[in-house]
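In what follows, chain A forms one complex with chain B and a second complex with chain C.
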Partner chain A sequence: MSATRTRRRSTAGWRPASWPASGLARRRMIWAYVFIAIPVIWLMIFSLGPILFSGWVSLHRWDMLSPVAEMPWEGLENYRFLLTEDGVFPKALGNTFLFAIGGVTTNVVLGMAFALLLNTRIRGRTLWRVIYFLPVITAPLALGVIFAFLFNRNYGLVNSLLILLGLPRQGFLNDPNQAMLVLIAIAVYQYVGYYVVIYLAGLQDIPQDYYDAARVDGGSPWQVFRHITLPLLRPVTLFVVVTNTIGALQVFDLVFATTAGAPANSTMTVVLYMYNTAFKFSRMGRASAMAFILFGIILAITIVQLRLFRDRTVA
Partner chain B sequence: MTATTHKPGLKLTTILKYVILIAGALVMLFPFAWMVDSSFMTTSEIQRRPPPLLPAEAQVQNFSDLMGVLPFGRLYLNSAIVTVSVVLGVLFTSSVAGFAFAKYQFPGRELLFYLILATMMIPFFVTLIPVFFIVRQLSWIDSYQGLILPSITSAYGIFLMRQFIMSIPDELIDAARIDGAPEPVIYWKVVVPLIRPALATLGTFVFIGSWNAFLWPLLVINSRDLYTVPLGLNTLRTFAAEARNLNLLMAGTVLSVVPTLILFLFLQRYFIQGITLTGLKG
Partner chain C sequence: MHKRNLVVVLILALLLGAFVPVTSAQGDIKLTVLTHWGEERLLTAQQAMFDAYTAAHPGVTIELQTVPFEELLTRIVTSRTAGTSPDIYHIYNLWLPEFTNSGLLAPLPEDMEPFVAEGAAGTSVVGVTYNDQMWGVPTEVNTYLLIYNKTLLAEAGFDAPPATWDEVLEMAPLITKKDDTGAVTQVGFGVITGWDSGVVHPFMALLYSNGGQYFSDDFSTVAFDSPQGLETLQFYQTLVETGGIDQSVAWSELANGNVGMLIMANWYRATLMLSENIDYETEIGVAEIPVGPSGTESATLAYNWLWSVDAGSPNQEAAWDLIEWMNTAAGEGEPSPMGNYLVTEMGGIPSMLADQAAFSEELGDHFLAPYVASTAYARQEPVIGGSQEIKTLLQTEIEALFTGMNDAQGVLDFVVPQANAILEEFRAQSGG
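== the complex of A and B ==
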């Protein structure tokens, strides 16, 4: 006991205010550090450290083979080149946005519609939900393979059906004007079940009282939807739109498995272009700059989301 | 729960409702059905226009032929080793750190927790090049370590576990301390049993993510012995590129998709729980 006391006194000089006084509390504190040690070290090595390093690399020219200390400094040259001279990057950025916005808006409408259907008196709600959710857990790579097969120009089932109906054969993934639309359709197919599940949960959180009150006032189903359901689903909508837009902006597997960016870069996306630049052409600096540009966009979306959330809670 | 926007008794709307739901379900199921169907066809049946509804004879040997091209048993084994390790790693590191952040006082707690929250916002592609570089410096390229170790922590997992563990009453933990239980025993005997549903939810998500992972294995793995299922499927895809072997490609796609489908059918409750949980707390 006295030993502990002397030790405590001797350490008092550098002890922060929150430093626990008793030996027992100190032992607990040490355990807490042990508990967080691996996760914290791991996140430093594989997340925080890398993002700083990535930012540093984006200001250099680097092929990953020459020593890190000898990377030639380029300043903002990589960013300047990508935004003003590169023939593909602006296109990839545009395609990525088109993919994200097209998929997310379609799915907000479809997801909400099917959730409304499932929220009525219906048999087998769990079964419906399972069926609609199946593609969500399926690898995008596998879905890409299946859909590339279905939409194949020559032997694909969709073209066979079109020809059977006397309609002209379509290029689909081979047609620069259609390929992105097909990719959006695949993404809509894959993720609509996620929206259904989220909206269904959102609908079930709306208190029945609101609907009862509306019925007393004689509101039509459309008025009820327009003035009760839709406004009360706003937080859910905001959440799915933001998280899914951020997710869709990072698309890689699906594009890799279907078009690999072709035809004529009409489906080239930022992460695929970054992957090619880094791992096919060994231009790590330029690829890192691409990553940072997209990251900046994603951060901006996140900040807007946080602001919208805060505004609503205040209002 | 009850009909809210429709008046009961309107037969036509009820019928219409089911027609729409069934049509939607058919669209959702069709690609899977067509995949299974054509995995039993010959390549010439697949390419016939229009293709037959069902194969003249189920070509079961597509699957054995596939094994000749690609050792699917080995792919399953590799994917299982990687996925199980990643799931266990994430569950352990997340729950243990979540416990510390939820129930302990220590200097730097707030700062470290905000740092972890900040890493949640970092998308994978921003760290891809540096992490690849680190893994190469560590000589983990083309190894299980390279596939597993970078993924055994999850900022999101720590956050989720902390939220759950905060709802455990302090009295339970204090009672165990009075009984003389050391801190790791409290974690294992008191905390872990109480957060099992949360662990199951996190585990299912990490499982699917790890099983379906493609880009990282594509970068890290070179030798076929270490191929995971998605890498194998990608090889089949290029193998079938000239429109031959489409039946093998479809058989391979069936085999790659089946494990996640089975897992989902058994654990769908946890998925739905997890989705709504993360979605509505967001």
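== the complex of A and C ==
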């Protein structure tokens, strides 16, 4: 009797602390794990697996046509080549940074400005919000094609308007000095509505009491914005800056649809160059190395952004 | 069965169903064919050709897959990785080194070698041969010549196309026109951009016509870093500086009567014929590539497309049978189905001699005749590993020259070391 009691105690000791005692609860827990396991396995197979495989490929030379088992080992050669010898990669990197800096800065400024406007009691506020948000749900490829027509040097609507205003015709997407700026403008047009919505939510989270108190103290609109709105929007701005930077550094579809990197690589971005390297030149190893370099850059920038914002909060 | 278990079984059945391939009835052969001819008109014509074959060959079905040219290489590569390769490819011969070294393509069966070697034009036989092995049946052969608009030349005071670069340099700026707002509405010398072959092939034709070479004889280095190569790039640079080249007007405006001259391949004929803004018969002329200051005679390049079969296809025999049928004359003096398609639907030049003979009248057309004649002296585009990458590299820098971002020497300084490194890498890979 005593021995049986001891065995039972010892068996119970092997269970996890949270393991339910009743059969029904145990079955529920098993099913819970089954349902959790499905997306986890899915993630492992379709996300983590390819990432790890891509890292492995980046250390090899592989044309995607030869069997994987036969791809020759290259070590860090792909990384060395990209960082020291490749003539296009630095340019693509520079273009991508320009796109990110231009796009993020404009999105933050315009997103906040439009949100402030839409947060006032203007007429048709809901309609304005819908209008701002519409481009967000438009496919970038479709936008790219439409804007390529609009900015056509000879027949584009934008140039026709410039001429009507007595201004000189511009090359836009054909001009190496203007093409990237046009792409930034298109990207801002597409995504600013999304950031307006985010900023609007942030503005509506700021308690009205602060504004009332500031008015009582005689604060000017600029002072109210500078010392109440802006600091309290810092978490929102952090979100906007981080997510927009990550997205901008990975830009592909818009460039692919409008310029494909032309003219003369002036709009070549890292991901587009990665695509060309992989599928046009059959250099999957080098393209994978590019992906990991970009990942490192994005990670570093994100950490810096988080630290900058955190430090400011602490200060 | 318990309801919950039933749900699990159903889910498993659905998942299993998704991964089990659909199999055809025993004995049936399904051939998949991948081409880059996706226009509705061309699709209809291809389908009619395949329908004729399947009608004569019960038990064979053909699935036609098409993608735009710019996506063809990507599709071939990704389908190989995904294990969904088609049985038959229609490919550009420049891709042969990568495709054959990786084992993607099956070599032409020995019993079909005479069919190609004796049935196709010599330049096309060279075009489908790599490492002394033929890899398919040649279809269209293309060369580059100077297409010009007679009306625009006449308006500028010229009654004949240019024969030398000096004449081009004189004529092109005079043909270029601007409107009141300063917009260039008509350009003397059109240049193709945004498409590697469209940029580099005309450059090669001009280089050859200036006595230059693209690769060294042993293909170990590029050879356009020569005085002839520099002159070719300076020719472009001068045209840009004098307004003879202006990218404001797209090269495709030739079909709308807004481009004076353009170095282009013969397959563009179909577009020109269909244009409602020019009179193909009376306005469009074709001339040999103008000769450069260091050249002695006009030269150009040719490139080929070919039908090839996937090395992993379980239906290789049937695939080669279809290819042979497509390229075999239907009767004495008659064209093959493929020849008929190439000439009547695409305005192209077929590689098979029987097709060239059957269509002698059409190929004697004022537009095509000079192209057909040029196949006799055109040099095949060199088919070596790394060519595609070098072409893209050169394309971008020539485009920079067109936009004034770079000069002739700058193009060579940027491209040549990288191009030679690519060649060296491919040579090392192939062990020679």
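Odds and ends about this structure:
What we mean here is this: the second predicted complex is superposed on the first by the 272 of 315 C-alpha atoms of A that agree within 3 Å, B and C clash if a C-alpha of one lies under 4 Å from a C-alpha of the other, contacts with A are read in each partner's own complex, and residues count from 1 in each chain.
Note that in this section a residue touches a chain if its C-beta (ideal position, glycine included) is under 8 Å from a C-beta of that chain, and two chains touch if they have at least 3 such contacts.
Note that the coordinates shown come from a computational prediction; the quantities given were computed from them, not determined experimentally.
When the two complexes are overlaid on their common chain A, residue A:I163 makes contact with chain B and with chain C alike. When the two structures are aligned on the shared chain, A:L299 is found in touch with chain B, with no touch to chain C.
Put simply, more of the residues of chain A are touched by B, taking chain B and chain C as the two choices.
When the two structures are aligned on the shared chain, A:N154 is found in touch with chain B and with chain C. Contacts of A:A139 after superposition: chain B is touched, whereas chain C is not reached.
Look at A:L65: by the touch rule set out above, it reaches chain C but stays clear of chain B.
In the superposition on chain A, contact of A:F279 is made with both chain B and chain C. Look at A:R307: by the touch rule set out above, it reaches neither chain B nor chain C.
Of the two partner chains placed by superposition, A:R226 touches none, neither chain B nor chain C.
Touching of chain A by both chain B and chain C, each in its own complex, is seen for residues 64, 154, 163, 279. Touching chain C in their complex are the following residues of chain A: 61, 63-66, 85, 87-88, 153-154, 159, 163, 168-169, 171, 174-176, 260-266, 276, 279-282.
Against chain A, the residues of chain C that register as touching in their complex are 73-74, 77-78, 80-81, 98-99, 102-104, 181-185, 193-194, 247-249, 388-389, 392-393, 396-397, 399-400, 402-403, 405-406, 414, 418, 421, 429. For chain B in complex with chain A, the residues that touch the partner chain are 1-6, 8, 17, 20-21, 24-25, 27-29, 31-32, 34-35, 38, 46-47, 49-51, 93-94, 96-97, 99-101, 104-107, 109, 112, 115-116, 118-119, 121-131, 133-134, 136, 150, 152-153, 155, 158, 183-184, 187, 208, 211-212, 214-215, 219, 230, 233-234, 237, 243, 246, 249-250, 253, 256-257, 260-261, 263-265, 268, 271-272, 275-276, 279-280, 282.
Residues 16, 18-20, 25, 27-29, 31-33, 35-36, 38-40, 42-43, 45-51, 53-54, 57, 64, 114, 116-122, 126, 128-135, 137-143, 145-147, 149-150, 154-155, 157, 160-161, 163-164, 189, 193-194, 197-198, 201-202, 204-205, 208, 211, 221, 224-225, 229, 236, 239-240, 243, 246, 250, 252-253, 256-257, 271, 274-275, 278-279, 284, 287-288, 291-292, 294-295, 298-299, 302 of chain A are the ones that touch chain B when the two sit in their complex.
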